[in-house]
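Order of writing sets the chain letters: A, B, C and D. Residues in each chain are counted from 1.
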Amino acid sequence: MKIYNSSEEALDCVHTGQTIMVGGFGLVGGPLTLIDTLVELDVKDLTIISNNLGEQGKGLGKLLEQNKVKKAIGSYFTGNRDVGDAFQRGEIEIELLPQGTLSESIRAGGAGIAGYYTKTSFGTDLSKGKETKVFNGEEYVLEEALKADIAIIRAYKADTLGNLIYYKTARNFNPLMATAAKTVIVEVDEIVEAGELKSDEIATPHLFVDRIILAKKILTKEGVIEHG
Amino acid sequence: MKIYNSSEEALDCVHTGQTIMVGGFGLVGGPLTLIDTLVELDVKDLTIISNNLGEQGKGLGKLLEQNKVKKAIGSYFTGNRDVGDAFQRGEIEIELLPQGTLSESIRAGGAGIAGYYTKTSFGTDLSKGKETKVFNGEEYVLEEALKADIAIIRAYKADTLGNLIYYKTARNFNPLMATAAKTVIVEVDEIVEAGELKSDEIATPHLFVDRIILAKKILTKEGVIEHG
Amino acid sequence: MANPIQEAIAKRAAQELEQGQIVNLGIGIPTLVANYVEHNHVYLHTENGMLGVEDVTEEEIDPNIVNAGKFTVGEAIGASYFDSAASFAMIRGGHIDVAILGVLQVDEQARIANWAVPGKNIIGVGGAMDLLVGARKVIVTTTHTSKDGKSKILKECNYPITSTRNVDTVITDLAVFKYIDGQLHLVELMPGADLETVEANTEATFVNSLK
Amino acid sequence: MANPIQEAIAKRAAQELEQGQIVNLGIGIPTLVANYVEHNHVYLHTENGMLGVEDVTEEEIDPNIVNAGKFTVGEAIGASYFDSAASFAMIRGGHIDVAILGVLQVDEQARIANWAVPGKNIIGVGGAMDLLVGARKVIVTTTHTSKDGKSKILKECNYPITSTRNVDTVITDLAVFKYIDGQLHLVELMPGADLETVEANTEATFVNSLK
C-alpha cells in the first residue's frame, strides 16, 4: 500500500479498455475527488461498474458525455437520462442488475466465487437468457461474479497500513469493491497512524488496499465542497 | 428479541430431530454456557453444524457420547477421535466440508443464496458426487447453502435491542450462524443499553437475534471458569 | 409535501405494521409511511445499508445518512450500518418482515410491475426485485388509477413484472385488497370511497370480502 | 520446542518471503516460520479470522486470540479481525500472497496430500483445500522421509490429494525443490545434505538444477 499526494498520480494505472468499479450510492460514499480526475483522463472504452452513472453532465455522467464509456453495469441509471439516450442510440452497452445481485456479484468476485444462485429476477425480463436451477422446489437464477481492473472507492479513515473504516451509509458498495479489483484506490477523509483504528472495528483489512489519497472533495449539508 | 435469565429457558425451543448450528472455533468463541445446557436436554437425532465437535467427552463431544447426534456437518473433527469411531461404527453421518466452504455455505443460507461455485475441493475426494461447472476455463464445484432451526452462538456484548459485537478471534463462525437459523440464541459477556454500541461497529444488527443470555462460562488464560 | 391522497394511503399502510417488525420502505408513497409510525413501534431498514432509520430535523441533517431514495434521514438509538451485500443478504435471506413498495401496476394474481415502462428511456431497477423475493410480507401502495384515469389494478400487468411473487396487500386511495388463496379480495374501502367507484376503476376481477 | 530438523526447514521457508507479503501459515512446521520472520517484514493471516498475527509473551496472552492451530498468539499493530466467511473470501479470492503448508506427501506434479490418511480414523480438512486453490504462491514444508524412512516425495500421492493445484516450492530437511514448467527441479541442498542422499530418498523424478 502506498499513500499518494494527488489523485492524478494515484490514477496513473488507469488505461483505455479497462473495467473500473466506482463506489458510492449517488454522491453518498462516492470517491468524488477520484471521479473528478478520472473524467479528465485520456482513456476510453471503459466498462464502469457502479450502482448509478452520475447525473447528466456531473460526476460519472461526464465520462458518458465524453463517449469514454463502452459499457455500464449497474442497478439504477434512472437519475441520468443520458444513459437511456446513449443506450437507445447504440452508443453504450448496459447490463442492468438488481441492486442485491450487483452487490452480491461484486462480493463473489472478491471472494473467489464464480457464480451463485439467487431467486431475485427469476421470471422477469432481467433474467432472460440466464441459467436457472431448482433448489428445494424453488427456481433460482445463476448470476456470475464481477471483477475489475481498478476500483476507486471512498472510506472515512485509513491507517498508514491501509486498513479502512467507513462512515454511516457512505459504506454501501465501497468495502465490496475493495475486494474485487486488481488495483484498489481509496480516497479518505483522514489518514491516521497504524494502531489508531480499533482492531475489531476495521471494516476493510489492509490486504485489499493498494493506493490511498486524501479526499479534496467532501459532501456536506451544503453540497460538495473543496477541501485541503 | 428477548433476554432470558437462564440457558434452560433460552433453549426451550430445541427439539428432537432439529438442525443446530453451534458457533466457535474450538473453545474460542464457543457458546460454552448454552452447549453445557444443550447436552443435558432430552433430545436426540440432532444434526449439528459446527467447525468441530468438541473433544472426547467435552462440550459437543458429550452429545456424541450420549448418541444424540444423527449427523455432523463440519470441517475439522480431528480433535475428537470419538467422531471417527462413531462414523466407522455407522452411528453417525458425517459431512466433511473445507472450512471455507462450511463458512460460505452458512453465509449463503442466511443470505438467500441457494448454492454457489467454488474452486475449493475440485478434483478431490470431498467433491465426489458434486456438480461441477466451468467458468472462464476453470473448474468449480457447486456447493449448497446450509441453514438450521437453531443457532447457538457467542458474542462479546449485546445491547438491549439485540445488536451484537464480537471479540477478536472469538468472532469466527458466530456472525454467520446468526444469519442462518430460524431461532438465534446468543450468550454474551455483557448486555449494555441500546445506543452504547457504536452504530458503525455493530457486527450483527438486531434483526438477526432472537434470544440472549448472559454467559456463565468464560474462557480465561486459566481455562473455562464459572462466572456470575 | 406530498398530496393528501398519498398521505392517506401511507397512513393506511402504517396500520398494517405490528410492534417490533423490521420494515423496508420503498421510494415514493412508502417513504411517507414513516410519518405515521409511532416511535419505537417498528424498525426501519433501508437497503443502501442501515437499520434504524428515523426522521431528522433540519439542524441534525448528516449528508452521509440517507435512505434508498437518497433523502437524508435520522439515526434511531441502536441503529447500525452495513455494506450493500450484507443489506441485500438480509433482504433475500428472509430477515425483513415487511416491505412496502410503490407500484405502477398490480394484476389479479397480485403480481406487480414497478421498474420499467415500455418505450420510456429510463433504465433502473434498484432493490425492488430483491425485496419482492425476500420480504416475508409485501404491501404495495399506489393511486388506484393513473393520471389519465386508467386502472392500475389490471387483469394482467402489461409493463414488465418485477417478480413472479404475489404481494400480500394492495393499498390504494380507494380500497384495500388482500391476496388470499389465489384471488384478490377487496377487504376495505378507503374513507370517502364506495364500492361502485372501486368496481368502475378496477380492471382486475376481485372477490368482494367487505364486512 | 520443536526439533532442530523442523526449525531448519522453517528457517529456510522464511527466506522465501518478501517484504510486505500477506502470508498464511499452516499447522505444524509452518507455524514455526513466524519465529524466523523479521518484525514488520510480512503480515501474517490466520484463517480463523485475523490479519496481523504476532508472537505473544506469557503475560500478554489473551485466550481469545488464537491462530488456526488454536494456539494463542499476539496482535500486531494494525491487526484486524473478521468472520470465517470473510477470512476464506480473502483466501479463495486470491488476496493471500503466500501460504506455507505442511504435507504428508508431494508428488512429481507438485500436487500434495495433507488432509487424510487411508485407514486412519481421523476426519478433518480445515482450511487446507481453500489455501491451495486461493493463495498466489504455495510453499510446502515436510521432512523428506516418514518416520519409517519412506520417501514423502513420490511419483504419485497415494493418500487423497488436497487439490489439483501444483505447489510452487517444496522445502524438506534435505532439499528445496521448485515446480517449473511441469517438473520438479532440485534447486538447493539443505545444510549438511548431499545430492546422493536426496536421490536415494526421493521417489519422484526431478530435474537437477543445482547451480
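We adopt the following convention: contacts are C-beta pairs under 8 Å (C-beta built on N, C-alpha and C of every residue); 3 or more make two chains touch, one makes a residue touch a chain.
Everything quoted here is computed from the prediction, not taken from an experiment.
Here the CA centre of chain A is 28 Å from the CA centre of chain C. We define each chain's centre as the mean of its Cα atoms; on that basis chain C and chain D are separated by 55 Å. Centroids built from CA atoms put chain B at 33 Å from chain A. Shared contact sites, meaning residues of chain B that touch two or more other chains, fall at 104, 107, 111-113, 118-120, 166-168, 171, 199-200.
In chain D, the residues that touch at least two other chains are 75, 81-82, 88-89, 91-92, 133-134. Viewed as a contact network, the protein chains fit none of the simple shapes, being neither a path, a ring, a star nor fully connected.
Contacting chain pairs (ordered by label): A-B, A-C, A-D, B-C, B-D. Touching chain B in their complex are the following residues of chain C: 22, 43, 45, 51-52, 75, 77-82, 88-96, 133-134.
Interface of chain A with chain D (complex): residues 107, 109-113, 159-161, 163, 179-180, 194-195, 197, 199-200, 202, 205-208.
Contacts from chain D toward chain B in the complex involve residues 46-50, 61-66, 70, 75, 81-85, 87-89, 91-92, 116, 120-130, 133-134, 160-164.
Considering their complex, residues 104, 108, 111-120, 133, 135-136, 138, 140, 144-145, 165-168, 171, 198-201 of chain A touch chain B. Those residues of chain B whose C-beta lies close enough to touch chain D in the complex are 25-29, 51-52, 75-79, 81, 83-85, 87-88, 94, 96-104, 106-107, 118-126, 166-176, 203, 219-221.
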